Amino acid sequence: MAWLTTLKTQTPEEGFELATKMSRMAVKAAQPDDTIRAELRSVYERDADSLTRASHVVAVNFQTVAAANDYWR
Amino acid sequence: MAWLTTLKTQTPEEGFELATKMSRMAVKAAQPDDTIRAELRSVYERDADSLTRASHVVAVNFQTVAAANDYWR
Amino acid sequence: MAWLTTLKTQTPEEGFELATKMSRMAVKAAQPDDTIRAELRSVYERDADSLTRASHVVAVNFQTVAAANDYWR
Amino acid sequence: MAWLTTLKTQTPEEGFELATKMSRMAVKAAQPDDTIRAELRSVYERDADSLTRASHVVAVNFQTVAAANDYWR
Amino acid sequence: MAWLTTLKTQTPEEGFELATKMSRMAVKAAQPDDTIRAELRSVYERDADSLTRASHVVAVNFQTVAAANDYWR
Amino acid sequence: MAWLTTLKTQTPEEGFELATKMSRMAVKAAQPDDTIRAELRSVYERDADSLTRASHVVAVNFQTVAAANDYWR
């Protein structure tokens, strides 16, 4: 099933959520096993640098989504 | 409650603050527990590289906010 | 055989898959040996930070693909 | 007191200095204590990778400042 | 001898190869000794994170090359 | 003395050299001591990841220089 049919969102906040989803889907593509991802998550969510790295990827994807929405102007 | 309804700000400085907030909200989405984030913060705020990484994410988000505001020209 | 003849895709999702392929092809260019890459993969796919780094590269390549497709507007 | 009222600068070099300031202000926002930042600085300024990371953040902020100034064309 | 006279390429794939070359030339400028680079390469090509980092730099350079070619539209 | 009076260069290759200079000047601003930078350099130039990180910063600065020169079209 398609998960990314459009980059258009109603609001910046929905765009931010889409950027978060895109960041996670790339991880899921590289590691499809839900159990392993859950294990990794339990470590990563308690590591400040890991969280900053994740925030960085969301920021990059949000640039793309924001441009696609003409910055919701 | 919506926290990101617009990328428009009155000044570049408010835009920088919004970029900082966006960086933190992505962390909060990945680690919603306030107590854990406070613990992580006490370590990260004394690590130069962690602070540089955080500054990097703000810079990426600020690119988006600045473009959305046509660079406050 | 050419693997990158166009940046155009039908949908954002196909664009995301192309961005993933571009990220992998750059790795393959640096390490052409399939066996070694498979070994590295078995380690990297169980490391949260490695997966985040990979997601980051996909995000950067997706920016390019999305711009090439005028964001599928 | 406002520290970022405009992204406009007279020259590229002043723009580079502004980008450096932006990088530092994001660090200062995350770690407001001058003494702690000075301690961290004494370590970080002797670590090549830390310096490269800092240069990276300046480069990202400079992209924004340069765009805001239409690249001083 | 000039190695970068134009950012124009016939195809996206040649653009990707140029982006790879640009990434390597920056390394070569910082470490001109061929023997040392070969030694470093033997380590780096067996480290997944090193390969991802290299792929990241190619992705950034490819953004520039793609824009220079108007995305081969 | 001014070191960055313009982002304009005659050729892409000169632009690449300017991007390299910008990357180094940001490091120099953070660590002005020539002796210390030389020491750090002797370590960093034998570390593959350090060299990749440096190449990354050059790539980001080159994006800016290339845009300023309209990609030397």
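By written order: A, B, C, D, E and F. Residues from 1 in each chain.
One rule holds for everything that comes next: a contact is a pair of C-beta atoms (placed from the backbone, for glycine too) under 8 Å apart; a residue touches a chain by one contact, two chains touch by 3 or more.
These numbers were taken from a predicted model, which means no experiment stands behind them.
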Minimal step count in the chain contact network, chain B to chain C: 2
Contact-graph separation of chain B and chain E, given in steps at minimum: 3
Turn needed to bring chain D onto chain F - CA fit, degrees, nearest 5: 60
Intercentroid distance (Cα basis), chain F paired with chain C, Å: 27
CA centroid of chain B to CA centroid of chain D, Å: 15
Touching two or more other chains - residue numbers and ranges from chain D: 44, 47, 49, 53-54, 56, 60, 63, 67
Overall pattern in which the protein chains touch one another (line/ring/star/complete/other): ring
Starting from chain B, with chain D taken as the next chain, the full ring order: B, D, F, E, C, A
Complex contact set, residues of chain F against chain E: 11-13, 16, 20, 45-49, 51-56, 58-60, 62-63, 66-67, 71-73
Residue numbers on chain D that touch chain B, as the complex places them: 2-8, 22-27, 29-31, 36, 40-41, 43-44, 47, 49-50, 53-54, 56-57, 60-61, 63-64, 67-68
